[in-house]
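Next come two complexes, and both contain chain A; in the first it sits with chain B, in the second with chain C.
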Partner chain A sequence: MQKLGDFRVPNFFNYPPYFTLQPIRETREKQVQLWKELILDYCRSQKVFIIGLEEEFPLFSNPAIQRSLSHESREVFLSALVSEGRAEWIDKNHRKCLVLWLRIQDWADHLINFVRENGLEDSVMTVEDIRSGIESRGTELAGIDRGVLIRALKLLEQKGKAAIFKGSSTDDEGVKFNV
Partner chain B sequence: MAVGAWLPPVELTASGRAALLPGEVERLFLSSVDIEAEENTTLTPLRSGLLALTSHRLIWINDAARLARSVPLSSIIHTFPPKKSIKNMFASPRVRIQVSANVDGKVVGGSGATSLVITIVMRGSKNDTESFYGKLWEVLKSKSWEVEEVKEKENAGDMRASVAGEASGRARVAVVGVAGILRKEQEMWESTDKSLQDAFQDLNALMGKAKEMVALADKMRQKLLSGSAAHTNDEEMGSKQEMQDWLLSVGIISPVTKESAGALYHQQLSRQLADFVTLPLEKAGGMIALIDVYCLFNRARGTELISPEDLLQACVLWEKYEVPVMLRKFDSGLMVIQSKDQSDAEVFARITSLAEKPDALKMGISPSDAALTLGIAPALAKEHMLNAESKGLLCRDVSPDGFRFYANLFREFEPRDIYLVKDHGLYQAWISAASAVST
Partner chain C sequence: MRRRPGIAGLQTAAAARDQYRLVGENVAKIRTDLMKEQLATFKSQLEEFAQKHKNDIRKNPIFRSQFHEMCAKVGVDPLASKVGFWAELLGIGDFYYELGVQIVEICLASRSHNGGLINLQELCSLLSLRRKAVREAISEDDCLRAISKLKVLGSGFEVISIGKKKLVRSVPTELNRDHNEILELAQGQGYVTAEEVEKRLSWSSGRAMDALETLLKEGLAMIDDGHSDGKRRYWFPCVASVFVTAGVD
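Then we have the complex of A and B:
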């Protein structure tokens, strides 16, 4: 089985038409669906949050069959994710895309589980601690995109389950959980 | 009694043109013509048909009723020159001919016991008795039907003689054994060579010889056909088949021309074309590009070339007649001639089976690959493939290597489990084809 880093790619990754945007509606719908699943799977396993359309992205080319996605098709597939709420364009020109392989709500749930499992109820953590601290090592939260984490925390804050303290610099933004 | 049963019937082709006798050439067409038997009112007149004057017959065709009758020129005893009088100026122009008939009053060709006078009434506005009479006179004088008859007799004589020769041995020199065969071959070769040389001496002679060449080609074809039954050697059959194809494409003996058909030119051309394309269509699998037909048709017509506009107009006219072929225009603008019984489904089936072969699964197929395999023009193959793509049978791959089509596997992929491969499907077949090391 072919691999991209430690990611196992499906067989159809070697099917040349997979890399050409199909003009026929039904065929294209299926193709778009397959790309959406593959992008989410890959990003989740490799903890990729941001895809730059103009940068090299391992998933978008297959040297084994000498095929790669055109700029247009990249935009089509990512736009399909955006319209489902599984991704967001970071800029107006659609050059960078934030992939939400977990929705913000799911991230918030993960945070609560994390807090419970580590007995962190009523204690205070910095945002940076959550991303790279010892407790989060080996969990989905390790290496989480800062923007995504803040949004998940704000969601919890709205629900009264957390409070965010502003520090003097971004590094010491603190969170007090109240689960 | 059927209408006009007093005249011999004529076979019609699929497009409604008269089936011509060997060597028969059409000389003039007239529309809206009645044929009446004067003095004998028991013979039902033929009303409003197309009259074709050929080198052998006067052929009357009623298209609506698909009814055709003929007057063999050999039965014409006398033609009355058209009279010019005040009275005739107001009536439809007419030409009268006296023909021989048998005792029952039926015209059968050749001389008979009785005779009757036939009036050809021209109701069409553009018909001209003078030129018709002139052409008729010309054709009668040349007596081309007699030439054919003599030839036929000769052929029949030859056949009988050779049959007799095999049985009892003939008086002529060295016709037995290998020497005889060689000698006969040599003779035939020499005479063929001579007619070839004569033919190319100058263009006029070529025109004169053209008919002979066509007859020769036809004869050779007949010979090949009769021979092929006895021998079943594959290679021999192959070369014979090829030879036959060449001979078949030699020519149309009686091309419709503006001169002979006049105002009826496009109509007649259209019908002749419909008859002509049946054979190439069959060979091409039911569809053939218009440009190819143009070349084939003009080649078959020899010196009477037609323009592309005339060809197109002839094809467009098919909509009005009962012909087994049709003109089809693809979205890209490519025009083809298609036989009506050919369905797209059949073409799709052929393309799909082509695309599902292991090599094609792995590498895809380009329009030119498909054209080679299907025996059609690349532009046409591409149209078929685009059609198949829009039906979801194929999908495309555009890369620096070019434009290729693959069997559509997207239907086999499962988005909910991207690693799933069904055991016995096209997906599995593709994986094994793609992973196979190419030799």
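Then we have the complex of A and C:
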């Protein structure tokens, strides 16, 4: 079984026609489905948040069978994720894509669990603490994309479960949880 | 017998006929009795045999297929009826019905990937994978038997031979000779190019394209434009063993 780092790739990754967009609808649907799952699984295991369509990305080519995805197929697969709310285009030209292997709502739930487990209710943390502090080490939150984290925090703020304080620089935005 | 004239002659003839008939009936009866007796002995022997080797029949696929062969030779079908003594004796009917159901499930689950045509070998290994918990080995012979039982449902399950391989078809697609020849050609590498088809089968390019397009439309083929020589390849998931379990879990 071929591996990308510590990620086990599924069988279809070694089957050349999956790298060409299929013209027949049913076959195409199956193909898109497999790729969507692969992209989400890979991004989750490798903590990848942003995929650049014009950059090297391990999933976009398989040297073992000498195949790589065309720009069009990259866009088709990611657009399929976007239409399901599992990804967002960052720019209008569809050059960069934010992959939400957890939806913002799921991230917010993760945050609440994290706060409860670490007894951080009613205490103040900086955004940077959440991303790279000792408490978050080994959890899904470690290394979370800053933009995604802020959006999850804002969602909590709307629900009255957190309050975000502006600091003097972007590094030290503070959060007070009120779970 | 010389025919004698008069009433006496007719009476003698009738009496003689009666005698013949009696003797004939007797012989037939003896024969039937003998036959019945033989059949009873045979049945009890077969039963005894089946009882004795019950475990072998259930556990050992090779033995099982030999047992089936033997039954077929003497004109007994252990699968013919579920309520026969075979079913009670061996539970063998249930075994194949169960296999049949699992085969249908696998065919359905993999249909979007292979267009409803699956390699018998692959089907068999998927079946074994699924039945890991039961710990009974499954042979291709078992698969074939179970599939033959599925025909009763009229759902179009069929085994077709292409070259050396057997494929199981679960969709009512009609494959003509041209399609079969392409599939056979693809068995070597898992794919063909239009050029190869034209050359190896000496077809016109129209004929080759036509057949390839049909196979593509039926979901039996996938195109691959990624090779560096720029020639489009047609892959056939049903013959390529590189690819086994996606979509079947």
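Criterion: the second predicted complex is superposed on the first by the 179 of 179 C-alpha atoms of A that agree within 3 Å, B and C clash if a C-alpha of one lies under 4 Å from a C-alpha of the other, contacts with A are read in each partner's own complex, and residues count from 1 in each chain.
In this text, contacts are C-beta pairs under 8 Å (C-beta built on N, C-alpha and C of every residue); 3 or more make two chains touch, one makes a residue touch a chain.
Remember, predicted model here, so these are calculated numbers, not experimental data.
Trainee: Once both complexes are superposed via chain A, do chain B and chain C end up clashing or fitting?
Mentor: In the arrangement built by aligning on chain A, the partners chain C and chain B clash.
Trainee: Would you sort A:Pro17 into first (chain B), second (chain C), both or neither based on which partner it touches?
Mentor: both
Trainee: Check whether A:Phe165 is in contact with chain B, with chain C, with both or with neither, and answer first, second, both or neither.
Mentor: A:Phe165 sits against neither chain B nor chain C.
Trainee: Under the stated touch criterion, which partner chain does A:Glu26 make contact with: chain B (first), chain C (second), both, or neither?
Mentor: both
Trainee: Examine A:Gln66 and indicate which partner it touches, taking first as chain B and second as chain C; both and neither are also allowed.
Mentor: both
Trainee: Considering only the touch criterion stated at the top, classify A:Leu38 as touching first (chain B), second (chain C), both, or neither.
Mentor: first
Trainee: What residues on chain A does chain C touch that chain B touches too?
Mentor: Common to the two interfaces on chain A: residues 10-12, 14-17, 19-20, 22-24, 26-27, 30, 34, 66-67.
Trainee: Can you tell me which positions in chain C touch chain A when the two form their complex?
Mentor: 112-113, 115, 191, 216-217, 219, 222-228, 233, 235, 237, 240, 242-247
Trainee: Mind listing the chain B positions that touch chain A in their complex?
Mentor: By the definition above, chain B touches chain A via 364, 389-390, 392, 395-400, 404, 406, 408-411, 413, 415-416, 418-419, 421, 427, 430-431, 434.
Trainee: What residues on chain A touch chain B, complex-wise?
Mentor: 8, 10-12, 14-17, 19-20, 22-24, 26-27, 30-31, 33-34, 36-38, 41, 66-67
Trainee: Which residues of chain A touch chain C once you look at their complex with the stated criterion?
Mentor: Counting only chain A, the residues touching chain C are 10-12, 14-20, 22-24, 26-27, 29-30, 34, 66-68.
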